[in-house]
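I have a structure here, written as structure tokens, and I will follow up with some questions on it.
Order of writing sets the labels: A, B, C and D. Residues in every chain begin at 1.
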Amino acid sequence: MSIISTHGLSKHYSGLRAVNNVDFDLPDGQVRALIGPNGAGKTTFVGMLSGRIKSSAGSVSFLNTDVTDMPAHKRMSMGMAYTFQITSVFANLSVHENVALAARRAIKGAPSVVNNKVMSVLEQVYLADRTDQIAGDLSYGHQRLLEIGMGLAQSPRLFILDEPTQGLSASEVDGFIELVRVLSKDTTILLIEHNMDVVMRTAHYITVLNFGEILAEGTPAEIRSDTDVQTAYLGTT
Amino acid sequence: MNQAARSVVLHGLVIALLVAMFFVLPEYHSGNLARILVLAVFAMGYNVLFGYTGLLSLGHALFFASGMYGLGLSIQFLSASPMLAIVIGLITAVVVSGVIGFLALRTTGVAFMIVTLMFAQAGFLTVLFFGKYTRGDEGFVIQRAQRILFGVDLSQPLPRYFAALILFAICLCLIAWMVHSRFGKTLVAIRENEERARMLGYDIQRHKLMAVIISGTMSGAAGAAYALLFGYAGASFAAVQYSILPLLYVLLGGAGTTIGPLIGTVFMFYLIDISSEYTDAYLLIAGLALILLTLFAPHGIAGILRKKLAWLP
Amino acid sequence: MDFGPHLFVASLEGAITAAVLALTAVGLSIVFGIMRVVNVAHGEFFMLGAVIAWWITSLIAGHPALGFTVALIAAPIIVGALAVICNRFVLHKINYEPERTIVATIGLLYVIQQTTLMTFGPEARPVEAPFNKRIALPWFEFGESGFALTWPWGLSTTTYKLAVIAAAVVILLVLWTVMTRTKIGLIMRATQLDQEMAQAYGIAVNKVYALVFGLGAALAALGAVLVVPIQQAHYLMGDDPLLLSFIVVIIGGLGSVPGTVLAAVLIGMSDGIISVFFTPTLAKILATLLVAFVLIFKPDGLFGKRRE
Amino acid sequence: MTDTKKSSIITSSSGGKIGGQTINKSMNRRTALKTLSAGVGAMAGVGALPGMMGCAHASDEPIRIGFQVHRTGIGAAYGRWYDRTTEAVVKRINDEGGINGRPIEIVAEDDGTDPKRGAEVVEKLATKHKCDVAFGTLFSHVVYGSAPRAGELAIPYFVVSEGHHVASGALNRYTLQPGITDVKSQVEAMGPFIKENLGKKVTMIFPDFAFGHDHRDYFSAAFESLGGEILEKIAIPPTETSFSKYFPKIPRETEVVYHVMVGPAVLTFVKELGEFFGPSRPEIFGFIDSLEAVDLSSPGLEFLEGTYFWEGNPRYAQEDQTEFDKAYREAVGVDESGASISDAKDVSTYAHMFGCWETMYVIKAGMEAAGYNGPDDRQKLIEAVESMTEMPHSMEHPQGAKLFNGKTHQVFGHQYISKVTDGKLVLAHTTSIEDTLYEDEVDYTSMSF
């Protein structure tokens, strides 16, 4: 069963085709990486998936529902979660409240239920000892983790991560990879990633975007051996 | 003590203190305090939007005036009882803030400031335009006989004070409760990072609209109470100064705090009242005070307190 | 009066409003655009310009044009210098934080207004125009005898009013040239685009800010000196220009100087022209609502570019 | 500028006795602070103090009159002259021995010409300063805002506002206007003169708020009942600063333009009116409110030559000036052209400020008739004033004779119409008191206290 799919999805900015006629399908339970050179339209594409960006043409279907005209917040409450490319946390609020805000929207239970969820998420993202810290005071890496935690707290069906490892240290990246492996048991993950090591170690399947169009799709091994991809993106590596 | 318990104790103490004040203070000051409490409700309403939601409106005089004229005109022309008039005043405020909120929330930032300002200005001019009924800038008096609520003469010091205090207490409790509610925390999230809140799945527009309506209705309640307790409704309350006033109260007292608006209102009121005894240029002193406060106490008076008491709601 | 001439008079009046408004609003607009702060005291700088003009002209005897010329040069400089001081000791200290700036400039507004009340007094005081001749204006008619010139009753303006329009156009052109063709203009525009970048390129942002704040105030004062022979100096006269300038700046698109000028013309003219069709107060209500609805449907102003 | 005293005690060395050190002390403290902020104006008050010291028993306590004054805000120009007139009359009364042998002490509070602050000021005067009565308000919206509080606090509230609020019955038994005729009387009394001397087709221009609406409604009703015709009623928004665009609405066949404006833009208004008409103007009749505190020789006002003005009290000393007007002018410090003696550019609000003088004398007469001793006698004071009727032309009433209506709490007096001749206002017509009378709209005496 596919969790999200697009048909002919396009975004045109005054003549520029940022995303053009993309047919995309993500099956339930998969970890999918979306890669491509800078300016390939990756962020625009997931922007349209999440509803942050209005599409110019085509349709998006999430959990077998056409969500093309649905505002972002409704898609989120249907079970999507999204982390920003540029870290975006509630800088003046505590770590706990950051995660609680995410959890509260998804869980309609009593404060204690929310609290339990928050604590378990903070454990997962290695921030359990920093609950009362102000989010803005966290190191960059911890803020990235917090952002992922906010996504987790929503218990999403689909988790979209926009360059989650950007700026993380090597050990933090390892931690992240471990996290994705654990998460992938319950959640479908769509990952925009530049770090090919992360992609190869986590993704079940890879979609390559180039000039707003899908250049190739396949398993990590297939993508690695695809000559088109190599010329367009991977170069000689 | 946990947060909720602290909040109950703090706000309980504030209200108890205000009850005691009436019996302790000389007549002049208890009279002032009645007025301050009504104005503080206005400021608290403003604070819901500005302090908690992060929306800077320059049009709250319109909401204040909606309550004031909703009540005043229904007493004047429909011979409504005070209770019915209060209800009409509140409904007017709900409707006006709902419509203005629906329209103005299509904008953000400075444009939101200007749109609210323009609507308030149009409201002010409308009051003048219908001078036949409103008596424009002169306004009209609500006679003592028309201000008897459940047999209590609201023109008398004690009933007036406690009527003001009851309104204040209701609003204070509402806000103290709101701050700890999902809704209130979501408003803060919107204030802090709107896009993030949206991408957590919160319906930003709906929350903002609710905030405008709550804010506007509370401001309208203050307007209605002012007319009922002090017996006068006039266009000057719809003028732009009365949109700036609650902003000053809130900024002085501390935006986004429950008791900040009260502190700011008290401070501003007595700053003008006391300095006016020494010089005609009391607004000069008020101006200097504002500048000094922004230089040395940017988060208002409650902000200073909060440095010592981090838990202050 | 017939409809045509009436509309003409109203448009002419609108043009004068627009001219003065353009100067005042452009002052606010560059402060807004470059420093990103809302200066609530802007109207008071306008008022000070008028009051200082009155003061200077009352000191200088002889032909009114003499005192007026001195005022035209000196008042903006004095007001600009005062603004630079305010910038240095208040706005700079609070780091131009948006909210604090609003409160601090409200404080400045009170301080300036009250100081004026205490020294200048509560009266409205006139300044004599350097020249002021009533000109009856002709109107064209296609009557039975074909095209004809008539001189309708009351259709008139004054030489001074026309001169105000001309002066405003000249000043705005000079400003435009400075902004686009000179180094200082380049520096200002660079600072507007990206403050950090400008700093990295060795631009002394603090000095630019001081200059911009002073220039903004001086433009407001200049507008006031031009208008004071029509209006009179009064200590509360800054409130209206503040409100109107704000509207103009927003409608014009934040920080866009050409947009601001266009918006000033639009607002000034519509204020005049709407008054032809409706009773005055209703006209004001409609003009106000028009501004609100323009912003609701074009939140970045009519001529603004959408910001990221 | 020169006169920013907050509260002053003006007594003579012979008459008044001020009890006690406390007043002296507070005087000094206040004066010191005021000198810091506002200049040296208050020094005169201190200079007078040593002479007043003496024995102090209860009945020598000054009578405290709370003065609600527009020192800031839109009414400040009027407030300044209300202030000066009040000081002058208090000095005169105290020189004559005060009220029942007690000196008057004025406690002034600025209301910022704002109804909200106005109500607070009345409260402050009554409950903090413990004033015997409150007095002196001019702007109608401040009166409306303040009067309910005065009634609730049971403090007699003597307004000097010319509004129709008192006589309309909208206020309460504690609010009285015994020193100045109200706008309804003023306006209605103008009808006959305009119709007979200026023309039958009138266009009215007035500010679009309550004061302007009073003019519109009362004048048009009165004028039409005389057989005149109102061609057009042009209401100008109160925030307006330029007027030329409204004048084309004046119909061509207009014989008389009737104008009344208030606020700082009045001069612009009159000037632009002149520029509009150029050489071919109709007759023009205005209320001097349009030009109160404005010098008639201001640039642009030349065209007013030959036009007519209502004046509450003739600004320029007339040829047949009465001794009362002469002495009154001198006491207040106004020269023959209605400007300050010390500054010819500082033009008074002569048409209104006499109301402060006369009202103060009514308070004095009322207190003396009531045997007023203190706040317990306030009701007696009201009743004493209510029972007044004729007020003869005298030093107490220098503007002219008056007739007080105790039921409506409103006084009625002569109105003056002047013609601008050689740049001066020359009296052309004086209405009778009868011209100003209208049917009672209220009987306050039937209301309880």
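Please note the rule applied: a residue touches a chain if its C-beta (ideal position, glycine included) is under 8 Å from a C-beta of that chain, and two chains touch if they have at least 3 such contacts.
Fair warning: this is a prediction, and the values are worked out from it, not measured in the lab.
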State the pair with the higher C-beta contact count; candidates are C-D and A-B.
C-D
Any idea which chain sits dead centre by C-alpha averages?
B
So what's the Cα centroid distance for subunit C and subunit D, whole Å?
36
In whole angstrom, how far does the Cα centroid of subunit A sit from the Cα centroid of subunit C?
50
List the centre-to-centre spacing of subunit A and subunit B in whole Å, with centres computed as mean CA coordinates.
43
Averaging C-alpha coordinates per chain, one finds the centres of subunit B and subunit C separated by a number of Å equal to 33
Contacts with two or more other chains occur in subunit B at residues 125, 128-129, 280-281, 283-284
When you check subunit C against every other chain, which residues touch at least two of them?
114, 117-118, 281, 284
Which parts of subunit D, given as residue numbers and ranges, touch two or more other chains?
4, 37-38, 72, 208, 237
Pairs of chains that touch, anyone?
A-B, B-C, B-D, C-D
Under the stated contact criterion, what part of subunit B meets subunit C in this complex?
56, 103-104, 106-108, 110-111, 114-115, 117-119, 121-122, 125-126, 128-129, 240, 244, 247-248, 251, 255, 280-281, 283-284, 286-291, 293-295, 298
Applying the document's contact rule, which stretches of subunit A touch subunit B when the two form their complex?
50, 52, 71-77, 80, 82, 84, 88-93, 97, 100-102, 104-106, 150, 154
Residue set of subunit C touching subunit B in the complex reads 38, 90, 93-94, 97, 99-104, 106-111, 113-115, 117-118, 239, 243, 246-247, 250, 254, 281-282, 284-285, 288-289, 291-293, 295-297, 299-301
For the complex, give me every residue of subunit B touching subunit D.
26-28, 31-32, 35, 125, 128-129, 131-132, 135-144, 155-156, 230-232, 234-237, 273, 276-284
Using the touch definition up top, name the residues of subunit C that touch subunit D in the complex.
1, 5-6, 9-10, 12-14, 16-17, 64, 114, 117-124, 126, 128-129, 132, 134, 136, 153-158, 229-232, 234, 236-237, 240, 272, 275-276, 279-281, 283-284
